[in-house]
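As written, the chain order gives the labels A, B, C and D, with residue 1 at the start of each chain.
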Amino acid sequence: MKIQVQSQNFDIAAEINELCVGRKDIGAIVTFTGLVRDFNGDNKIQQMTLEHFPGMAEKQLATICAIACDRWPLQGGCVIHRYGPLSPGEQIVLVITLSAHREAAFEAAEFIMDWLKTDAPFWKKEQTAKGTHWVESKTSDTEKCKKWRK
Amino acid sequence: MKIQVQSQNFDIAAEINELCVGRKDIGAIVTFTGLVRDFNGDNKIQQMTLEHFPGMAEKQLATICAIACDRWPLQGGCVIHRYGPLSPGEQIVLVITLSAHREAAFEAAEFIMDWLKTDAPFWKKEQTAKGTHWVESKTSDTEKCKKWRK
Amino acid sequence: MELLYFARIRENIGHSSETLPQPGNVSDVKDLIGHLREQGDNYKAAFENELAIRVAINQTHVNFDHPVDDGDEIAFFPPMTGG
Amino acid sequence: MELLYFARIRENIGHSSETLPQPGNVSDVKDLIGHLREQGDNYKAAFENELAIRVAINQTHVNFDHPVDDGDEIAFFPPMTGG
């Protein structure tokens, strides 16, 4: 699976096309796109900045994808994660999974997202009218990740 | 949610853009695309033809989407299903779900696909070197659909 | 009643729709299937296996014990295989 | 040893990396955190709550009882919040 950590935006259609062009064996494509929302709880977000650990970020994403490929019959996919300053409405992360069967594509995409949230070294900082603050990690994300260990 | 039953192809990027343009409240976009595969078991598929029940197809898709909107906090979405002759590699169906949270977007998209498989009046006919035949409905699809009744 | 046939059932019968005045002895879907089975080998083949038949009256799924009315649009088709 | 700091921990400390010869009494991550806490209020704030610290040695997650070596790249950061 293709892994990219980048500051620039991505184009879902171009990524799907790159993965699928000329192929006739794919039955299901699932994509997940994460976006910057303008509200987090009661706080109106003006901007979000994503910090990352270069090198380790790519390594962790590759590990997560390798586990997914081991667990589900995937025919390919990609993970693209951005860093740097992002405004509400902007794209943060893209996961694409390809499979002959829809269930594998759905489950693998959700698995990759759940693991990525707790295992990939990215940190979000939100800027609101009251100032900036680091986003706290969520217990619910850790729980979601645990469900895959069964 | 937007429902379309059409013979012409669809453009995922254009559909996402139509749903999201100008919005900053969306946190997660999940898309599912179903494609014609060139193999079904041992049979090499030359072409697939999708027959549908005009009117009832749209009605059933709208019902499925209404149930999904009732069950998950969705911020929009669409279902596009094609009919007519399709070649391997071509797109058959597109489901898009938008939500503030990824879990809702994932679950609703999978739910819509599972119900659509058993409840929307479409029928696939495959053309192979040995002739044409109607695709049999799968028990596994009925089972997948049942899991949502819990 | 307006009858519609789709997919394999349409192919078995040889046409996709027909209008039929409600027969006197037909009050529900099961009766109607019984009546149609007597209309020739093509109908017999179409309606042979009840497990492979789905019915919609006025575009709503119904069971075989659902009553039928002369003004109904009644569609017969195999289990669905879209998506 | 090469130390890297990210996110809140980097901000608390005031810089993102530094090189430190392995102190004699430091043999694992826990020792190293103890040593760093003594280097000033900025370090003390950075490492105050152990539950809010994650460590990677040479880009691999490790626990606090993992040994550290003079040649290691040791990164400290808060729980991750990507995606």
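Heads up, the rule we're going with is that contacts are C-beta pairs under 8 Å (C-beta built on N, C-alpha and C of every residue); 3 or more make two chains touch, one makes a residue touch a chain.
No experiment lies behind these values; they were computed from the predicted model shown.
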item: Required minimum of steps from chain A to chain C, each step between chains that touch; value: 2
item: Where chain C and chain D are represented by their mean Cα positions, the distance between them in whole Å; value: 73
item: Between chain D and chain B, distance of the C-alpha-averaged centres to the nearest whole Å; value: 49
item: For chain A paired with chain B, centre-to-centre distance based on mean C-alpha positions, whole Å; value: 23
item: Whole-Å gap separating chain B and chain C, where each centre is the average of the chain's CA atoms; value: 26
item: Chain D: positions in contact with at least two other chains; value: 83
item: Where chain B touches two or more other chains, by residue; value: 34, 102, 113
item: Listing of all chain pairs that touch each other, if any do; value: A-B, A-D, B-C
item: Chain C residues touching chain B - in the complex, by the definition given at the top; value: 4, 6-8, 10, 56, 59, 61, 75, 77-83
item: Chain A-touching residues of chain B, taken from the complex the two chains share; value: 11-13, 16, 20, 22-39, 88-89, 100, 102-103, 105-106, 109-110, 113, 144
item: Chain B residues touching chain C - in the complex, by the definition given at the top; value: 34, 50-53, 55-57, 59, 81, 92-93, 113, 116-125, 134-137
